[in-house]
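To start, I am sharing the structure in question, which I have written as structure tokens.
Chain lettering (A, B, C and D) follows the sequence in which the chains are written, and residue indices restart at 1 in each chain.
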Amino acid sequence: MAEGCNPTKSSCDVQQNPEQDVGLGRLRQDLAEFARERDWEQFHSPRNLLLALMGEMGELSELFMWKGEVQRGLPTFTPAEKEHCAEELSDVLLYLCRLADICDIDLGAAALAKMKKNALKYPADKCRGSSAKAYTYASGQS
Amino acid sequence: MAEGCNPTKSSCDVQQNPEQDVGLGRLRQDLAEFARERDWEQFHSPRNLLLALMGEMGELSELFMWKGEVQRGLPTFTPAEKEHCAEELSDVLLYLCRLADICDIDLGAAALAKMKKNALKYPADKCRGSSAKAYTYASGQS
Amino acid sequence: MAEGCNPTKSSCDVQQNPEQDVGLGRLRQDLAEFARERDWEQFHSPRNLLLALMGEMGELSELFMWKGEVQRGLPTFTPAEKEHCAEELSDVLLYLCRLADICDIDLGAAALAKMKKNALKYPADKCRGSSAKAYTYASGQS
Amino acid sequence: MAEGCNPTKSSCDVQQNPEQDVGLGRLRQDLAEFARERDWEQFHSPRNLLLALMGEMGELSELFMWKGEVQRGLPTFTPAEKEHCAEELSDVLLYLCRLADICDIDLGAAALAKMKKNALKYPADKCRGSSAKAYTYASGQS
């Protein structure tokens, strides 16, 4: 990703530069190196990372807590708030990638496998517009 | 990712096939298409997705709740539990990607920007082995 | 609380029976006895309980995830959904009480102390109608 | 609760002063008055409060994130950390009480009803020492 690239999509949509799509394997490697360089591997046990991830989820939640319903694209957020949201989403992602790595799970492969499973479990023609199906999809109930 | 690929790293490490690194932009596109095909876009407002993400975080937490301290690689998990963990990590990732997309935030670019910011804020030579620095890193305090 | 008492307020408002106000100390005792009778104390370490609490928070979140904005009193919830919500709120409360007990913290006393602190930090006449003050109140920033 | 009462149990155990047991109905009333005095009721919709509650859960998680396994009574916490833990547990409780009130649910009655239900569902003599039963208890699976 080019220097100075804005984390909102308008300025550098990855769609237009597919070869620059940020990969989960690359993030995994960078995070492992970041921890190793700081000797922070000693703190990165699965449950420690899970609780750190929860901390970031809480910070993300705080950005939305007094907003009432928010529309797509966050039109009621100031630019600073939107930037903050990009940072909190990133923090969640980075701890998630690190947690998966420490659990010895290939997150990219797992995500693709889960999407394939979801596509089989929720065929488009039987689920169209159904909030009930969306609910069972999200809650993991069968 | 090849058919039948196991989501644990041993069988198909993305490191050995860097061209297959699963990209966040690709996941974003696939998830958008998945929602569109099922007419589920109507449910995917930012706060709806944030709460769905929280639901998945809860399911992930349940896998670790009665385990006591868990070591790297999840040696005390059964294969079924580890597979379940891969699925829950994936669910968190997929809702996170979808939430970022609906917020009009490029998650990959945001993650790279945050990692660069973290590297500047926490220089390796000043943070080595410090849990206090790791704490402020994780809690966002300065 | 009388047998068959409905957990919605209409049928047995504690206001009208102040002597029946359910106390946190009583819940603490009942939960300790419940765990002891089942020999579940061995599972109730602080971090185990914290993750179980997170699991319940996730289940609570799922009840609200596809609802869009919800008004006070949950007018769009079915009676079954409202009952389910009462159960999930209870689950969060019960694990919270148990966690506090295991941490050797008197939750009732701590809550009163925190309310007194909040009243001093956020004087009514300086905070009236301010979402900014409500934000710092909720996010713990000063 | 007497002035200057320490939120750890040693100094003023509610057990020894049962008439001082802090009630959920009392907290509900105090919180309602607190919001009314500050004209903050406008911010207290169910989903706003749910996200604020999530924010507090995140802050609670951060206190435990780099600790590794923590024993009962938090022996490895400094007094300041234990005090901080008491405050975060309180914040979770206060938002939970407020959320229940806004949902028009009597949290105390609901909690007693849930404990009765749990006692029937998990008879002591059939669940003794079983982590599997404790898991289904906590995860709500049947």
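Simple rule for what comes next: contacts are C-beta pairs under 8 Å (C-beta built on N, C-alpha and C of every residue); 3 or more make two chains touch, one makes a residue touch a chain.
Just so we're on the same page, UniProt names per chain: A, B, C, D = dCTP pyrophosphatase 1.
Quick caveat, the model's predicted, so the values are computed rather than measured.
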Co-neighbours of chain C (dCTP pyrophosphatase 1) and chain B (dCTP pyrophosphatase 1) - touch as defined: A, D
Higher-contact pair (C-beta pairs counted), A-C versus A-D: A-D
Centre-to-centre distance between chain D (dCTP pyrophosphatase 1) and chain A (dCTP pyrophosphatase 1) (centres being mean Cα positions), rounded to whole Å: 29
Inter-chain centre distance, chain C (dCTP pyrophosphatase 1) versus chain D (dCTP pyrophosphatase 1) - centres from mean C-alpha coordinates, in Å: 5
Residue list for chain C (dCTP pyrophosphatase 1), restricted to those that touch at least two other chains: 43, 45, 47, 50-52, 54-57, 59, 61-62, 64-69, 131, 134, 138-139
In the complex, chain C (dCTP pyrophosphatase 1) residues that touch chain B (dCTP pyrophosphatase 1): 43, 45, 47-48, 51-52, 54-59, 61-62, 64-69
Contact set on chain B (dCTP pyrophosphatase 1) toward chain A (dCTP pyrophosphatase 1) in their complex: 1, 5-9, 12-15, 18, 21-27, 29-31, 34, 37-40, 42-43, 45-47, 50, 52-57, 59-61, 64, 67, 69-74, 82, 85-87, 89-96, 99-100, 102-115, 117-119, 122, 124, 127-131, 133-134, 138-140
Contacting residues of chain B (dCTP pyrophosphatase 1) [partner chain D (dCTP pyrophosphatase 1), same complex]: 47, 50-51, 54, 62, 65-66, 68-69, 131, 134-135, 138-139
